[in-house]
Amino acid sequence: MGLDITWAVDWVRRSAQVVSDHRIELITLDREIGDGDHGENMDRGFQAVLPKLDDLHAGSTPGDVLKLVATTLISTVGGAAGPLYGTAYLKAAVAAGDSVSLDGEAIAGILTAARDGIVLRGKAEPGDKTMVDAWTPAVDAATAAAADGADALGALEAAASAAWEGAAATEPLVARKGRASYLGERSAGHRDPGAESSALLLQAAADAAAASAGA
Amino acid sequence: MGLDITWAVDWVRRSAQVVSDHRIELITLDREIGDGDHGENMDRGFQAVLPKLDDLHAGSTPGDVLKLVATTLISTVGGAAGPLYGTAYLKAAVAAGDSVSLDGEAIAGILTAARDGIVLRGKAEPGDKTMVDAWTPAVDAATAAAADGADALGALEAAASAAWEGAAATEPLVARKGRASYLGERSAGHRDPGAESSALLLQAAADAAAASAGA
Amino acid sequence: MSVKKIINDPKRVVEESVAGFAAAHADLVRVETDPIHVVRADAPIAGKVGIVSGGGSGHEPLHAGFVGFGMLDAAVPGAVFTSPTPDPILAATKAVDGGAGVLHIVKNYTGDVLNFETAADLASVDGIDVRAVVTNDDVAVKDSLYTAGRRGVGGTVLVEKIAGAAAERGDSLDEVAEVAERVNANARSMGLALTPCIVPHAGEESFTLAEDEIEIGIGIHGEPGRERIKLEPADGLVDRLLAPILEDLPFESGDRVLLFVNGMGGSPLVELYIAYRRAAEVLGERGIEIARSLVGNYITSLEMQGMSITLLKLDDEMVELWDAPVQTAALRWGR
Amino acid sequence: MSVKKIINDPKRVVEESVAGFAAAHADLVRVETDPIHVVRADAPIAGKVGIVSGGGSGHEPLHAGFVGFGMLDAAVPGAVFTSPTPDPILAATKAVDGGAGVLHIVKNYTGDVLNFETAADLASVDGIDVRAVVTNDDVAVKDSLYTAGRRGVGGTVLVEKIAGAAAERGDSLDEVAEVAERVNANARSMGLALTPCIVPHAGEESFTLAEDEIEIGIGIHGEPGRERIKLEPADGLVDRLLAPILEDLPFESGDRVLLFVNGMGGSPLVELYIAYRRAAEVLGERGIEIARSLVGNYITSLEMQGMSITLLKLDDEMVELWDAPVQTAALRWGR
C-alpha cells in the first residue's frame, strides 16, 4: 500500500510532536558540543508548520506537504539546521513530484534526495559527526529494503532504525563540520544533536506509515 | 606610672598587628551591612604607618606618634573610616600636646578628644550603630576610672572593656549613619565593623600599656 | 587565587587598570600615579572651571571614562568601593585649576563627602575656589535624619555630562554649580541586582541571593538593597523601579525627561533594552515625553547583574548642554 | 521562571529587546518587525553601497548597535545564538539597496553562511548586486579540512567599521568588499571565558566550569573552547591569547596595529583595562606599535565573563577609515 497525503500530514504532525517532546533533550545535546539552540530551533520551525497544514488545498500531494515544510523551516528555523533541513525537504519534494501515492522505491528515492540536499549545502561526509551520519545509513537501509521488495512502511522502518544506529554511532566521533568541530577532540563522547533530531523525524515518518497501514 | 613614647609606638605596632589579624573578620562584618572594605582599608592604613615609625626623631612625644598616625590614616585609608579615624587621632594628638608621659586623666582626655573628633566629622549619635557606640562607653569608662584615681593602664583597660561591650551592643541596633543605614531594619542583627575595629584598637592600647607596665 | 577575575594582585587592581586606561586613551587623558588621579590631557585650561569627580573604583566607566572634552577635567579613583583619600583629590583639584575655580562632584556617601571636604579645605588654603555638588538621586533610601541620606547613583553621570558642557562653554563656577545642582535636584534613580558582585580583595560575594531572589533598591557598592523579592518578569521589575521614581519628584504628564537605563556591569545589553521598552511604555501611558535616552553600562558595580533606572526632568538648558559635544572614553558625540 | 534575567517571555527576548532598541535610538535607526531587521534611519541612500550584517542575538551591541552613519546600513538579529533565516536578510538587503549593490558581512558559522547565501541568491533574482565577506579571525580554531573553518569573532567589528567608512565615502561595491577582505585577512583574535552564559530558552549554563577553571579559545556562542585550564593571573591569560595571535599572521616588529580588548559581556571594565595594560606591554617589547585602540564590550556572549583580544595590522587606508566619523548606538565619534 502506498503512502499518501494523509501520511504526509500525519508525519508532519508527529514530527512537531516529537520535536516538542524532545526539545530539552536536543537543547542539552547541543549545549554539550554546540550552542544549545537546536531543540529550540527545530521546535520553533515545526510549530510554525502546523497551522499552515490547514491551508493545503483539496488535491494536495505528499510533495506539496514536503515543500510546505521546506519553505517554513527555511524561514523559521535559522542556524545551520534551518537551511540544511530546508534543503532536504525541498529536494525531497522535488523527488516526490506529483505522486499521490509513494511506494517503497519512491520513499527510498525521496530520502536519497533529502540526504543529497544536506550534503550539497553542508559538504559534510559520513563520519564528520553531523546529521549526515543519521541520514546516510537511513538512505542505504531504505534503498536496500526497497530493492528487496519492501513497501513504503518497510522502507521507512528500515530507515528509522538505521538512523537511530547512525545517531548513536556519532557519539565516539570527533566532529569535523558544524559548531562541534570547534571543540576538536573534546567533541568525542557526545551524540550529535542534528543526527538525533534526524532519527526522531525518520521515526515519526515510520510511525505515521504504521498508523496509516493500520487504519 | 605614665605612658610614654615607647607605649605610643607599641600601641601603633599592636594596632597594625590586630587589624591585620582581624582583616577578614572586619571585611566580613562590613560585607554584611556595608560594602566589604573596612578590614582592607584599616589594614592598608596601619601597614602604611609602620615604616614611618622609624622616622620619628629622638625627642618625639606620644602626641607626635598620634599625629603621625592621623596624617597617615587620612592619606591612605579612604572611605568613611579614613577621615573619621584620622580626625580622631588628630584631635587626640592635640589633646596629648607636648606631654612626654600620660597619666590616667590625660588618657581620658585624649580618648574624649578622639571621640569628639569622630562626632564632629560624622555627626553620629550614640545608638546610630557606628564606631561612636564603641568610643562613647570607652570614654565614659576611662573618665570614671581616672576620676576614681586609676592610672593610665587602668583607664585604658576600662576603656577597652567598655568598647567591647559597646561594639557588641551595636548588634541589635538599626543603623542611622554610614552605609549600613541604607539597609534600614535589615541592618539589625549585625555588629558594626567600625565599632569592632575601635574596640580592637583600644584593646591594643590597653595591651601596650600592660606590657609597658610589666616591663 | 579564589576570585575568578582577570586580575593579577588584588591589591594592584586599581593601579594596573588605571595604567591600562592611560595607555588606551593617551589622546584624552594623562594619568598621575602618586597619588593616582586621571587628568584631561589638556588640563588645566585657563579661564575654564575645572570639574573633578571621584569615588571608589569598581563603577567604571564612572569616573575616569568621563574625563575629556565637555565633561570631567579629572577623576580620582579610590580603592575598589572605597572613597579616595584627600591627597589625590587635592592633587587633581590643583591639576585642573585654570583660575576659574573647581567644582567637585561628589556622590553622597559618608566617605566621599568627608574626603572631598578635607581636600576642598586644603585647596582653599592654596587659594583655589572650590565648590562641591553632592549628588543624591537614589529614591531607594529614605532621605531622613535616620539615614546617611540618599546615595548618589545614576544621576551623577547626567550631572557630570551637563555640568561639563556648561564649564566647556565658559560658564562661571557659580553657574556650573547651579546647573549641576539643578540636574541633581531633578534626577531620581533606583536600582536592582540579580546577583551580587565580588570585591577583589574581599574574595567573596558582597551578599548572597538564592537562585530565585533579587535585591531591590541596591546602591552601587555591592551593598544589599532595601528589600529582597522573588524574581519577576522584566516588565514587573521596571514597574517596581519606576513607581517610586515617578512619585518622588514627582514626574507628571507633559514633563520632558531623559530616560537612562543603566546596567550594573554584568547584565547583557539585550536585557537593558527589554527594560527600556517597558519604561518607555509606562512613561508614554503617563504622558511623559522621553526627549533623550541613554542605555548602557555607565555606573556599575563590578560584575553585578542588574540595572538602575534614572529619570531626569529636563529643561531647555539641560537639553542643550546634554546635546553639546563630548569626547571621553565612555561617552562621545559631536566630535 | 528559573533563568535569572531581566526578561519577560524567553521566546520574546529578541523581539522586545529590538523594540526597546528602536525606541531608544529612533534618531539612528528604524526597525521592521516582520521579519525583524534594523535599518539605518535614512536608508536606502542612493548611490551608496549598502552594508548588511547579522547573526544570532546575544552578542550585543553587535550588530544592531553598529547601524548608522559610517558603519552598517542594516542588521539582522536572529534568535539568541541562532543565525537569522534568509527572509529578514533579504528584506534588509532590499531595504538598504541604493543601487550601488549590497555587501553582506557574515561571520563564518555554518548557519550564518548558509542563510546569508540563500538570501543573496534571492536578492540577485531581484537584481540586487550582492557580495559577501565572510569573517574568520579566530585563531583558536584550526583552519583546516577537519573543522568548519575559523569563526568570525572580534575582527568582525573592525571589518564593519572600516568597510562602513569606505561605503560612506562613496567607494564601489568591489572597493568596499576589497577593504573588508583586507581587514579580515589582517585581523586575528582569540578569547577566553571565566564563566559560561545562559541562553534564555535553554535555561541552563552553556557549559560548566569549576570555581578555579576557565575556558581558553571560546567563541561567541557560549560554546566551550579548545582547552580548559586553571585560572591564572591576568598577565598570563593575556600572554596565552596573544601568543597564538602574534605568530599566526605573523605580527612583527615595526607593524602598526589596532589593539582591541573586548569584553564578553559580564566582565567589569576594570579587568579589561588590566588586560589592555599587559597586552600593550607585550606588544611594546616586540616593537609592535599600537596606533589605535578599542576597549569595551562590543561583541559579547550574553552575560559571559571573559574577554577576547583582536589585533589588526593596519595600513594607512585602514587608519584613515577607522578614524572617519561614525554615528551608531555603540560606536560614535566625529559627529
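Each chain gets a letter, A, B, C and D, in the order it is written, and its residues are counted from 1.
Here is the rule we use: contacts are C-beta pairs under 8 Å (C-beta built on N, C-alpha and C of every residue); 3 or more make two chains touch, one makes a residue touch a chain.
This structure is a prediction, so every number in the text was calculated from the model and none was measured.
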{"item": "Chain labels contacting chain A and also chain C", "value": "D"}
{"item": "Chain located farthest away, centre of chain C as origin (C-alpha)", "value": "A"}
{"item": "Geometric centre distance via CA averages, chain C-chain B, whole Å", "value": "33"}
{"item": "Distance between the centres, which are taken as Cα means, of chain D and chain C, whole angstrom", "value": "28"}
{"item": "Centre distance in Å when chain B and chain D are each reduced to the mean of their C-alpha atoms", "value": "55"}
{"item": "Separation of mean Cα positions, chain B and chain A [Å, integer]", "value": "76"}
{"item": "Where chain D touches two or more other chains at once, by residue number", "value": "80"}
{"item": "Multi-partner residues of chain A (each touching 2 or more other chains)", "value": "none"}
{"item": "Touch-based graph of the chains, sorted into line, ring, star, complete or other", "value": "line"}
{"item": "Full enumeration of touching chain pairs", "value": "A-D, B-C, C-D"}
{"item": "Partner chain A, residues of chain D touching it in the complex", "value": "35, 56, 78-87, 109-111, 114-115, 117-118, 140-142, 145-148, 151, 199, 201-202, 204, 206-207, 219, 221-224, 226"}
{"item": "Chain B residues touching chain C - in the complex, by the definition given at the top", "value": "27-28, 31-37, 40-41, 44, 74-84, 121-122, 176-179, 181-184, 186"}
{"item": "In the complex with chain D, residue positions of chain C that touch it", "value": "1-2, 4-9, 13-14, 16-21, 23-25, 57-58, 60-61, 65, 80, 194-195, 211-212, 214, 231, 233-235, 237, 259, 261, 265-278, 280, 290, 293, 295, 297, 300, 302-303, 305-307, 327, 329, 332-335"}
